[in-house]
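The following blocks contain the structures, represented as structure tokens.
Next come two complexes built around chain A: one with chain B, the other with chain C.
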Partner chain A sequence: METARANLLEEAVGVSKGGRVVVVEDCVETSGAFVLHHYLKRSLHPDSSDVVVFIAFAHPFSHYERILRKMVSSRLVINGREAREDGLLALYGEIEKAVEIYSSLEGSRTITIMIDDVSLMEVAANGSSNHVLDFLHYCYTLRAKYGCSFVTLNHEDIYSSANMLPLILQSEYLADVIIKAEPLATGLASDVHGQLTVLNKESVCDLGGGSISKVRNFHFRVKESYVDYFYPGTQT
Partner chain B sequence: MAETICRALRDGAFEGEHAPALTIKDTIDTPLGSLVFNYILTQLASNILAGKSQARGVVLVALSRPPSFYAEVLKNKGFDVTSSSKWLRVLDCYSDPLGWKNKLMESGTVRNPYEEAVLKTSLCKNLKELDKVLSSIVELGKEIVEEEKGRFAVAIDSVSEVLRHSSLPSVARILSHLRSHDQVSCIFCLLHVDLHEVKVAATLEYLSTMHADVEPIIPRTNKQRSTSEDLPMVEQCFKRGKFHREELYVEGPGIKFVEVSSEDGIIAQSLVPKVQFNLELSEKERLDRAKVVLPFEHQGTGKPIQIYDGRKCLNESETEKQASVDKPQTTEDSGRGEIIYFRDSDDEMPDSDEDPDDDLDI
Partner chain C sequence: MASSRPRGSSFSRNISSAATSQIPGVKLGPNGTSFLSSGIPDLDQILGGGFTLGSLVMVMEDPEAPHHMLLLRNFMSQGLVHKQPLLYASPERDPRGFLGTLPSPMASKEEKSHERPAEQDVNLRIAWQYKKYFGEQNSEVQRGGKAEYCNDFDLRKPLERHFYSGQRVDCISLRDSPNLAPLLERCLTFSAQISKSDGNITCTSRIAIQSLCSPQCDFSDKEWDMLSFIRSLKGMVRSSGAVAVISFPPSLVSPNFLKRWQHLADTLISVKAIPDEDKELAKLLTGYQDMLGLLSVHKVARINTQVPAILEATTFSMKLRKRRALVLECLNQAPVDGSSGSSYGTSGSCSGSSKTGNLDF
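Take a look at the complex of A and B:
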């Protein structure tokens, strides 16, 4: 049952050949961190040899380790280092080094770079969104050479609509998949925690607007060790 | 529209005029600007290869996509990428715009950060120095044309990206430099309008001879960015957009333009559902309707038109008093009468709910 339901998100996001950019946007009422956990779980599944380069600003690594232990049966060890504060250039250097090392190893594997979350990175960069955009741009350049994927989390509601900062728009322009976590329009419900809207730009380019819809909306309910995804009205 | 643009870019600069420049503008609601850019680039490329255009080649300034992306675009359109060096040069401002990779390579953190280029590429390692960028564009252009007289086209895939690193005046200076350069045949560039202030779009429009706007077919009424409420519309916006008098559809990896006849356009704009009877007026009908003189309107007396609705207007009575003080005797006033009516208190209210005949004994 669990796998069948988890597929709703997987289905909407689709399968891609190369690396791609996934932007997760959430708000105060509805946290989108579980989407990040979903990707983390998928990449670090015991059967896959994929590598995740995780840049954590929001929580210590032990937090993610605890979550992973809950979600995945076998225990996974994350080798992480505390992010140092000697600039985004050094951080980028670390990432590129890791990517270079892992891609030179034998066997084909996808390297996913995850950032949790971009707004806190902006805080670390003393509020300069331009710096963060430079950093993200450099991260994206790794896609061309190594075929890396990106999953970033950002909070939409801290950028007010009147003074829409380019940070969130720019990342939307560059994204292949945009996942938005929002509360229900009708307010809170006990059995639904919110709704996800998945915009898949890639499928429209590939399929030329065929029958497969690329904008999907469904509800979710976060449970102890997994997340239920269902279309509105299908939950009994 | 798309064809006109491509023709104008193909024909290039006229004698004694600056080179034609095109700004493609889009917003996040219909982010199809880069597809339009690729379309115009490939159209220009096929014109160059056919020898129809004034430009002998293109200098592509890649800022938002890697050169390998453009190699893929050209390959999909059936161009021979290996022989493209005869007419195409790429100034790669994507891979290392701030020189970070270079620094990391020098410090030994990474070994070879650069991608192997398929197209003939030259790397720009400092986007902040726009003068150097300008001179490399001109140099690359001269490499293609190889002679003094030939001209080349310049394509900039995102002005927004340049504006992130430099000020608007310096970007404007570079663009007008390029436009007035003897060997530039045409320029086209892409701008994401909503990333900048309004003045940026205006400045670029002054600097260009054409601007192409990609807009949603149905403009969004609310400025809210909530997408969950109008999913079909969001989906439509990703598949098709309005391109002045044309519509563009995403088709496969490229796009297609379809001319919209004006009649369809009006209906699409007014959002009227298709019904059997006619809700719209034709131009002639509209004019005829405007000519009809309604019976209660005063015409041609020079006075403001007043419509009698049974009550006396407050303003009017005041102005009348004023007039009577100023000019006690006017011919107009002499014929005026007034009905004075005091309602009898015993009279029934005109709208009484009571049945007036309920006291009848039949």
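Take a look at the complex of A and C:
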């Protein structure tokens, strides 16, 4: 039951073939952090040998660890350090080093780089969104070299005014999958926590020569250990 | 729950004072979190127990009325009653003067007198209109179980001297400095001393910052500096297990920065005054005359969990009980057309239509 429902998100996102860029966007009313947890859970599952390089600005690691412990039955340890503020260049250096080390180990494993969240990265960079953009571009180069995936969280509602737009527009343009978490238009309900819109640029359906990227829209309900996804009105 | 408790609530005080074994004023919550009281019993109940330790609470002020001061006063008073160290920053020249206006906890005798009618109502089980009393009963039970967790405060009576004595109370004026570095420095030393003197968290502390971006402060135009200050404060509060309450006037923050501030907050509350002579609203809501204002809860701290907190209602009316104690109540629609007891919005368009009865359902 649980796996069947979780598939609605996975179905929409599709099977990943190597490195992909996923951008998660949320707003004040509805947090999209659970999508990050979903990716974390998938990568850190006891059966998989995948590696996550996690850059946390929003919460201390104990917070994520605690959430993941409920989702993954076995106890897992997150090794990492909280993001420091001595420049994004140094941070990139550390990420590159970590990726290099893990990709040199034997066995095929995918490395996922996650950032929670980009808007706080801007704060750490003292408002220079160009530096953050540069940083993201640097990270994207790792994708070509090592086949890394990227999952980043950002807050869509921050970027409403024109002078702040480049950051969100560029990251949306570069993304393969865009996942937006929004509240229901009718407000929050206790059994529906919001809706997800998944735009998958990879899974294009051919309609008379022109390709159209697929948009899917469904509701979700977040629980401690998993998330229910369902189409509007189909929840029992 | 109510029936399991002995009826004689006048005895509960003694039992509980003997039973508090852990840190005074701290209640354990789910997911390894702990709560401390906001100083308003109803607000504690709405938030599911109080302010989470390690969370950053932001209060959006009303531009015209000082309702946020009520929240700050009760928050600070409760801290002093629990003997928790307190840091207070405000744009006033003499922030220490504000301490003189803190309310005093009510004596138990007065508390009892209002407890009794509520309890009777519950036993009689009067219909839906009295739903609000059930809530009150619950908070009463909590208070009975841990009498010291949350006090009712008498807003007319200043806090007695002896609560201040021998306590760590730091006051800072935001006006003195051209940037936020000194304030951050003070916050850091404040929390460092707390955690150092006690080893691990055996004691919690409260930080209250009033009107952070008010124009009296020189740094009010440095928006990125303020954001990074809030971020640092959030990290500091989380690691030291304190609770910080920041109030700010949202109209003075530019729109996209306002969203950033809201994202940074763990718990987000806004207060609003209600216009004096709004006849439409007065018709729509019962008890409009006694209302001080409206309080909305936009976000509740979610630490160590991914499940969002969905509240039954997000807007509450602030009232004074017997002109003394601050209480929060669900908005109750006046029983004109016999619809449900609580309304979640108070928009003006709603009021017009429900009166004339042209809703077609």
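In the analysis below, the second predicted complex is superposed on the first by the 223 of 236 C-alpha atoms of A that agree within 3 Å, B and C clash if a C-alpha of one lies under 4 Å from a C-alpha of the other, contacts with A are read in each partner's own complex, and residues count from 1 in each chain.
The definition used in the following text is that a residue touches a chain if its C-beta (ideal position, glycine included) is under 8 Å from a C-beta of that chain, and two chains touch if they have at least 3 such contacts.
Because the structure is a prediction, the values reported are computed rather than measured.
Asks: In the superposed arrangement, which partner chain does A:K180 touch: chain B (first), chain C (second), both, or neither?
Replies: first
Asks: Quick check for you: in the superposed arrangement, does A:K201 touch first (chain B), second (chain C), both or neither?
Replies: After superposition on chain A, A:K201 lies in contact with chain B alone.
Asks: Have a look at where A:S31 lands relative to chain B and chain C in the superposition and call it first, second, both or neither.
Replies: A:S31: touches chain C, not chain B.
Asks: If you stack the two complexes on chain A, which partner ends up touching A:L89: first (chain B), second (chain C), both, or neither?
Replies: In the superposition, A:L89 touches chain B alone.
Asks: Could you give the residue numbers on chain A that contact chain B in one complex and chain C in the other?
Replies: Overlap of chain B and chain C footprints on chain A: residues 161, 164.
Asks: Okay, in this complex, where on chain C does chain A touch?
Replies: 31-32, 223-224, 227-228, 231, 235, 238-239, 254-256, 259-260, 262-264, 268, 298-299, 302-308, 310, 344
Asks: Using the touch rule from the top, collect the residues of chain A that touch chain B in their complex.
Replies: For chain A paired with chain B, touching residues are 89, 92-94, 96-97, 100, 130, 133-134, 137-138, 141, 144-145, 156, 161, 164, 166, 169-170, 172-174, 180, 182, 185, 195, 197, 199, 201, 204-206, 208-209, 213-217.
Asks: Using the touch rule from the top, collect the residues of chain A that touch chain C in their complex.
Replies: Residues in contact with chain C: 28-31, 33-34, 37, 59-60, 62-63, 66-67, 119-120, 123-124, 126-127, 155, 157-161, 164, 187-190, 193, 222-224.
Asks: For the complex, give me every residue of chain B touching chain A.
Replies: 28, 31, 64, 66, 68-69, 94-98, 100-101, 103-104, 107, 109-111, 113-115, 160, 164, 192, 194-196, 223-229, 231-232, 234-235, 238-240, 249-253
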